[in-house]
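The chains carry the letters A, B, C and D, assigned in the order they are written, with residues numbered from 1 in each.
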Amino acid sequence: MLSFLIRRILQTVPIVLAVVLVIFVLFSVVPGSIASTADDGRGPTDPQVVERMKKQLGLDDPVYIRFGKYIASLAKGDFGTSFRTREPVTSMIAKRMWPTLQLIFAAIAFAIAIGVPLGFIAALRPGGIVDTVSMVVAVSGLSIAKFWLGLLLMYVFALKLGWLPSFGYGDGGLKYLILPAVSLGVSPMALLARTTRAAVLEIMTADFVRTARSKGMSETRLVRWHVMRNALVLILTTVGLQFGALMGQAVVVEKLFSWPGIGSLLVDSVLQRDIPAVQGSILVVVLFFLTINTLIDVLYGVIDPRIRYA
Amino acid sequence: MTGPALIDVEDLRIDLNLGSSRVAAVEGVSFHIDRGETFGLVGESGCGKSITALALIGLLRRPLSVGAGAIRFEGREIQNLPAVEQRTLRGNRIAMIFQEPMTALNPVSPVGRQIAEMFVLHGGKSWRDANRLAVEALASVRVPAPERRVKDYPHQLSGGMRQRVMIAIALACGPDLLIADEPTTALDVTVQAEIIELMRNLCAARGTAVLMISHDLGLVANFCRRVAVMYAGRIVEQRSSDDIFRACSHPYTQGLVDSLPRLGSRARLGRSRLREIAGVVPAITNFPSGCRFNPRCAQATEVCRTTAPETTMLGADGLVRCHHHA
Amino acid sequence: MFKKIAIVVGLGLALSATAEAQTPRKGGTIRMTAPYGSSFTSMDIHTSPRAQDEIYAKALHRSLYIWNSAEGKPVLELAKEDIVSGGGLVHTFKLRDDVYFHHGRRMTADDIIWSYNRIIDGSKAYPGARFVRVIEGAAEVEKGQAKEISGLKKIDDFTLEMKLTEKVDPGFYFFNAITSIYPADEAAKEGFIQKPIGLGPFKFVEHVPGSRVVLERWEKFYKPGKPYADKLIISLMSEAAARDVAFRNKEIDTSVLGPAQYLAYQADPALKSTIVEVAEVFTRYMGMNPSFKPFADKRVRQAINHAIDADLIINKLVKGKAYRATSWLPLTSPAYDKAMKPYAFDPAKAKQLLADAGYPNGFEFEWTTSQNESWGLPIVEAIIPMLDRVGIKVKVKQVETAVLAEAIRKGDFQAYIYSQATGPDPQAALKCFHSSTPQSACNYMSFKNADFDKALDQAGQTDAPEQRVALLQKANALLQDEAPVWFFNYNKAVMAVQPWLKGIQLNATELTHQNVEDLWVDETSPAK
Amino acid sequence: MKLGTSLIIGGLLFTLAIVVGLLAPWLAHTDPVMDANLMNAEEPPSWMWWFGTDAQGRDIYSRVVYGARISLTVGIVSQLVNSVIGVTLGLSAGYFGGWWDDIVNGLTNLMLAIPSLIFALAIMAVLGPGLTSLLIALGLTNWSFTCRIARASTLSLKSQGYVQAARVLGYGDLRIMITQLLPNMLGPIIVIGTLGMGSAVLAEASLSFLGLGIRPPYPSWGSMLSEARDQITTAPWLSVFPGLAIFLTVLGLNLLGDGLRDILDPQSRSRRT
């Protein structure tokens, strides 16, 4: 187990390095410069200030030297200094981490809490009314533009019904989390409902289910004792892959709901050419995704005894 | 014979629902098994023997369903019983072993638990007691070191071991009838013999009746007191095992018998090849008219092609369905 | 950078009148929004010139001067008196002695000297340096040739002498938040940026990056009885759609309105009374690069001015949220010529001018634009068919604001659309077109006209105000005729303010920049 | 849902979108770009303006109709690029193995690790908004699934007899890959491609929302929806029609993908839903 984890962590090193390289190269050729970060978009920037900033941030060096320096400081856990705020990127990201984690896990929790039972119910009566309705809902949930859905939710639940606040992080309370999390969670929910349904349908035709039935087991017990755990393996795979997509979608949802996470930091930084912050944010997103997937691989072993960490 | 048979199947028809139409996959099947008796159902794959077994235990799933006929367990019609009672019958009084030991066990559950389930379901035991009983059950099917094996997962066991686990599950509650659907087909030959021996001994000791289903006439005749031969959804001949080799009446049965290697016979007949039955099993949707065996039958005449043969009783215990029975 | 000054034109509907009639209520929470991005740049306001950051800084910090919206000019804030001597170059400030930092220490002249020295630090390149540079000796500090600004002298704790390099009103230099006064002792410490300390009416409670800044009343604020509110929350809300929902849902007290919402709010009886508007000193225009051949011809540039129906765009697309531009100087400028007529919408004349210039069949140009709804893409989209009618084809190059600013500075464009500060000093605004001004500074169109230069130079030399205005008007008129740009409009800033929030000032430099100590909420506010 | 129903509904919706896109010049009432007339700005839907008009006074119906061209181009072309990249890499990696396989595997893992929307966002920031940038950004960032499937089926097909047989017959590598391996993996690839097209249409909308979408004035559904979002309370028709167009098209593609999977890739029902 431990050696498995160490191996997994070592495997991620080249990926992380490649990500750093790709982003670094990408943003070395990006139009707009350091001057843009000092600009308000409303008037001319003091050219002297721009020159000084360049010097201060070491932007006069050639790209490969900057890259080398960046990697060196990364190794020390230092993500560099933001062009825009002149704060260490590490601390900027640290402040954004918790809201994003809250949002992502709330969205996944919502997706699992609704999607998995929905998929189960649908699969137990395939072709039934519940099945048809939930699958129509699921495929619709996958087909709607995320920010439009968010706006509609905001409009209905905040403005028309007045149940929930429409924006922001507020004091970090749960009620602020609901709308963004639901907007973000709808598509993984839909996906999970479909995966679960397909998985359960497949499992229900398995031989061991027939064995279980021949034991004189009720369908409820059958599902609880035999189907669920088997379905969990497939569900887990979907959940793991969804984390990546969710980190991407979070960018849109965070922006829409003024949610102070990594996603909105990333968009701000991209639009304002704050390259260290962009690199830092993307790197953190990638690390998060890799961590989650390692955790899920570990979970596989817990759920499915056939998987061994050789 | 006193009282009703343990199980009594009468004129059973199983329909295959194809959406727009339905065809009978099995029809006119009647047989009975007495307490402690061993009964065999033989036929090529697709003849309907497995779904007949599934009908007995109430496990037919769409698109298959019982279309007509009666299945009586101790004189009571099973199909009319409420679902709860059907379930108490299933596993508890009627148990089943399947062909595929590789897949018939839940891969993510320890085998001990899968045995213990039986005691929880039917014995009303706590999991703690049930787990203890599971060790005993595993010991009774002669699995070495059962207290360790109960914690194993199916993939950690060999095919033979898994089939022993299946037997342990099936016999856990001391059922009256054990349905064994090709229990040894997927196993190595040497293991086959061990498993058959095990079943024979356990069932004999407990007085469990066995319905053995196989394509292997030799195996069935060896194991069972009586044998029914199915072809294309119908029972074509039913005999005591002793009679079937000596004096089978149906050309199909004869074909099965001829295709068996017989000890000693090889020497006498020289190194001749085993005889095979010419032709293929007809598709369920396309059964021939008249006698369903007629396209493959050497003795077929005009009447065979037009008229389905009636059942002819042969002595007290036998029957045959052939226009030309000997 | 730019001077953010203007004159109040529009008036919020009877807002100021009612505000004075009522007695301000103490307590309550004010919930403002910061609409210009989804984060604050920094809690160190010296590092950021953005309008967005000044919103919170106005509550947390104070500068030597403050913008007075009613008078339309900067006035002394931290000093009681400014005695001018030395031919207008030496200012002696008598500082207030009742000004306390949020950690309880009284402000002295040392803090001001320390703060200006910090801002001018060349190794840090703070944007406020351009203002501090007006003090004698500052440039030397910036270049590292001196340790302290020689022009700043502490006479005693509450007397500060400031010697300038040129004869200007220091108010315009030291009212911005980027020249805020920091506590010399605390600001040098490492954790200052995490918990900033200022002189403003509210002290810092928390900053959730990307979400909001929360502040609470500073009890020892130097204006008696102020501030009124207990708490001030400034939420970051860059999405206009989300702001609209939140405002209607009474979750926020202020919301900056775009054109579409301006129209919608006007049409809604329940919301109409929440609108507050003010004319800002920004001119929106399309800049034309003379190095792109067609634009070198004055007739082509005039043709474009004739071909575009600017009034229609202002009324329909901008929803009346702007004033038609005649030339460069905004209508609130002292040198604005009320008699001047804008270019008439006249496609026939435009065609004629194009034909005269040798483009009877028009031409195609690339138009660089941002997505900004008031001076970006939607405007361009509306103009495309108008120019098409006179034969001019437009290729749109959409970029982000940051890239646009860069392209403009570098002259890397055929045409662009932009918004530029054009006040309050008309001289400074027109200086951008003086041939001596480099392209990268603000002469983006590389404008060169001897008559214009002459008029502007004369205006700078004269001491007679009327003559000066006349000369500036002449230059402005010349500019109109030369048409280096398409003159579009002057901005009208519009904000929706909940009825329970009182004391909003009509700040023409930037409507969201409020002196929050004057704001108060009545008991109908739903905020606790 | 019954087998086939989703195929039919999905196919119909997608075909409808294609037909609308192809026939746009005949279906549209006005030119979607040039016929801006500010006199008609923001008219609600009526007989004259079926879907109403936008802030510039352009007919939303005509823009939605023309928008089909751009949105479908984005969906189809970017997904084609993805499929070609994915199949080429996956097929060659599975076929040749060795160091090339390692490289492709590494690339695939890299692509999986960076969320595709974020990667596309970064590429768009570099290239600037516009159709070509969008096709590149979306075409380069979503091929990892196709690649994995192609590689996996190549590996399983390779071990089957007929590839060896083809080799014995002296077929070249390229010929084997194209004539023997490719046709056998097309089913799942087409299914993934169909679903991917839907994702691309949605991704275009998301990027528009973030200010990095299509280059105007030509309308895409995503940019129309994004531009109209401020007016969802005041002029809902501005967003409803492009929103519905996106929804129905992506719904169609998703249903089509499901239906195709049942036919083309029956054994993988649960592999990717």
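In the analysis below, a residue touches a chain if its C-beta (ideal position, glycine included) is under 8 Å from a C-beta of that chain, and two chains touch if they have at least 3 such contacts.
Just so you know, these numbers come straight off a predicted model, no measurement behind them.
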Contact-linked chain groups that survive once subunit A is dropped from view: B | C, D
Graph distance between subunit A and subunit B, where chains that touch are linked: 1
Chain nearest the global centroid, as defined over all protein CA atoms shown: A
Chain whose mean Cα position lies farthest from subunit C: B
Rounded Å distance, subunit A centre to subunit C centre (Cα mean): 38
Cα-centroid distance, subunit A relative to subunit D, in whole angstrom: 21
Distance between chain centroids, defined by C-alpha means - subunit C, subunit D (Å): 43
Interchain centroid distance [CA atoms averaged], subunit B/subunit D, Å: 53
Subunit D, residues touching no fewer than two other chains: 125, 128, 211, 229, 232-233
Touching two or more other chains - residues of subunit C: 239, 241, 245, 248, 399-400, 403
Residue list for subunit B, restricted to those that touch at least two other chains: none
Every chain pair meeting the contact rule: A-B, A-C, A-D, C-D
Residue numbers on subunit B that touch subunit A, as the complex places them: 57, 59, 86-92, 95-96, 98, 100, 103-110, 117-118, 121-122, 153, 155, 166, 169
Subunit C residues touching subunit A - in the complex, by the definition given at the top: 1-2, 37-39, 41-42, 44, 47-51, 122-127, 129-130, 142, 193, 208-212, 235-239, 241-243, 245-246, 248-249, 251, 282, 370, 399-406, 409, 419-421, 440-442
Of subunit A, residues touching subunit D in the complex: 14-15, 18-19, 22-23, 26-27, 29-31, 127, 131-132, 135-136, 139-140, 142-148, 151-152, 155, 159, 191, 194-195, 197-199, 201-202, 234, 238, 241, 244-249, 251-252, 255-256, 266-267, 270-271, 278, 282, 285-286, 289-290
Touch list for subunit C against partner subunit D, complex: 239-241, 244-245, 248, 258, 260-261, 263-264, 267, 309, 312-313, 315-317, 371, 373, 377-378, 380-382, 384-385, 388, 396-400, 403
Footprint of subunit C on subunit D - complex, ascending: 33-39, 41, 55-57, 125, 128-130, 211-212, 215-217, 227, 229-235
